[in-house]
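We just call them A, B, C and D in the order they show up, numbering each chain from 1.
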Amino acid sequence: MSLVVLMPRTQTRTFPARYESLAAIDRFVAAAAEEASFDECTVYQVELAVDEACSNIIEHAYGGEGSGTIECSYRIQDEELTVILRDQGQPFDPETVPEPNLSANIQERTGGGLGLYMIRQIMDEVNFDFESEAGNVLTMVKRKKHSMR
Amino acid sequence: MSLVVLMPRTQTRTFPARYESLAAIDRFVAAAAEEASFDECTVYQVELAVDEACSNIIEHAYGGEGSGTIECSYRIQDEELTVILRDQGQPFDPETVPEPNLSANIQERTGGGLGLYMIRQIMDEVNFDFESEAGNVLTMVKRKKHSMR
Amino acid sequence: MEIATREFKRCAVIEVSGRIDSATAPQLAAVLHDYTDKGQYNLVLDMSDVDFISSAGLRVLIDTQKTCERLNRGRLVLADVPEPICEAFDLAGFVALFDFYDEVVEAVGTF
Amino acid sequence: MEIATREFKRCAVIEVSGRIDSATAPQLAAVLHDYTDKGQYNLVLDMSDVDFISSAGLRVLIDTQKTCERLNRGRLVLADVPEPICEAFDLAGFVALFDFYDEVVEAVGTF
């Protein structure tokens, strides 16, 4: 494997905390994941994780669509993509969130609770920080998988 | 309308009187119809008329697949395609062939008798000659339709 | 001519490609009769890849339709028929005898 | 997101294109509820042109499936699901909850 050390590339954009922003946020992050040369399914999953996190910020941190914002930054270094989301909404304790019911019996299923679960399934690191001066900070890292050979 | 007088183009080929020959005969005639610059549906219909005529020669004139042949010639002149089919099978009297039943009631339909009917529907001239030294001769003419304007 | 078949809950789809002429019509007849013999009278003929059909093929379709429609037990419908073949069907008075569908999924959806 | 629907004899096909996210999922829910409200519990979701579906969309599908399967009166099936969406469905344990079909015609053909 040839090792190429690249300068980190970073970018930041701020979006209104509204559901209509999700498509633009997803495009912004998907472009970053493509730049990090992730495969199609990984790009999709990173987009999904960020969409879930932003939907939660709007729905739960801000308590619905309103006047807040979501600041989205990413950094690509080597083969790692870091996405950071910042908001000024209510903090919460992720530890208290129960695991979703993944039963194969449809009538036992509750439709909700899948967002946080999928974020953790998809991303290699997920860290919430509610102490920051900058508001709530969610940092998610995705590393490129190399196929075994 | 500009009038271009072209030399007639003619070609002749002989095929074994077997159903497997139909695809090759049809291709031969379809190429001629395309050369005569007929539109797609007209090319298809000329191909259909010739296929029906050749199927009849094999089935009825020769009484089935055997050792006979079908000689197929065409001539393109101006905007007219003439196709001539020759065989050495039994002659017949086209005048005695009844019109097919085209009833909209399926149970009254007999599957047969459509071939000759469609040949006459499609071609502008259809002439049988059983007096010829060359055997039975079927001459069919198709003229290019011009859209009214 | 090539024939591929798919069986669904309420009908079978017969997908024919190439030429249906005096040489090949017996093959198509055999496949259709297999279905009607075992009591499947709801049939969709997917004609999207048919290049040519002569009266030998039309006869097979008429015979099959007669069998299917008897006692109101089913019908043969035609899907995705190419334009030149449509026009030729018109010459043979076929439009009154069959239901035509633009897409196979619509044909399957009527059974 | 755009939604097109087609009604067949035994099922309805809902063809969605674009994104199913928190902004658009309510629209899809409305269309699906229209069907279940009028007693149509056999539904095919044609996903061939869906670019993205988040958990907001998954929730709509789960809720609809619950309604459809109650009393064994029907089911919602998924057709032509793009590969990345398939993998995401896997994460959410969706494979056990829905029947998946490669083509819409197969999905329609099971009803």
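To be clear about the criterion, a residue touches a chain if its C-beta (ideal position, glycine included) is under 8 Å from a C-beta of that chain, and two chains touch if they have at least 3 such contacts.
Fair warning: this is a prediction, and the values are worked out from it, not measured in the lab.
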Topological distance between chain A and chain D, in contact steps: 1
Identity of the chain that, by mean CA position, is farthest from chain B: A
Centre-to-centre distance between chain D and chain C (centres being mean Cα positions), rounded to whole Å: 31
Interchain centroid distance [CA atoms averaged], chain B/chain D, Å: 53
Chain A and chain B, separation of their C-alpha mean positions in angstrom: 70
Chain-to-chain touches, reported pairwise for every pair that qualifies: A-D, B-C, C-D
Contacting residues of chain C [partner chain B, same complex]: 19, 21-23, 52, 54-56, 58-60, 62-63, 65-66, 69-70, 83-85, 87-88, 91-93, 96-97
Interfacial residue positions of chain D with respect to chain C in the complex: 6, 8-11, 13, 104-106, 108-111
Of all residues in chain A, those that touch chain D in their complex: 19-20, 22-23, 26, 40-41, 43-45, 47-48, 51-52, 55, 58-59, 102-104, 106-107, 109, 111-112, 114-115, 117-118, 121-122
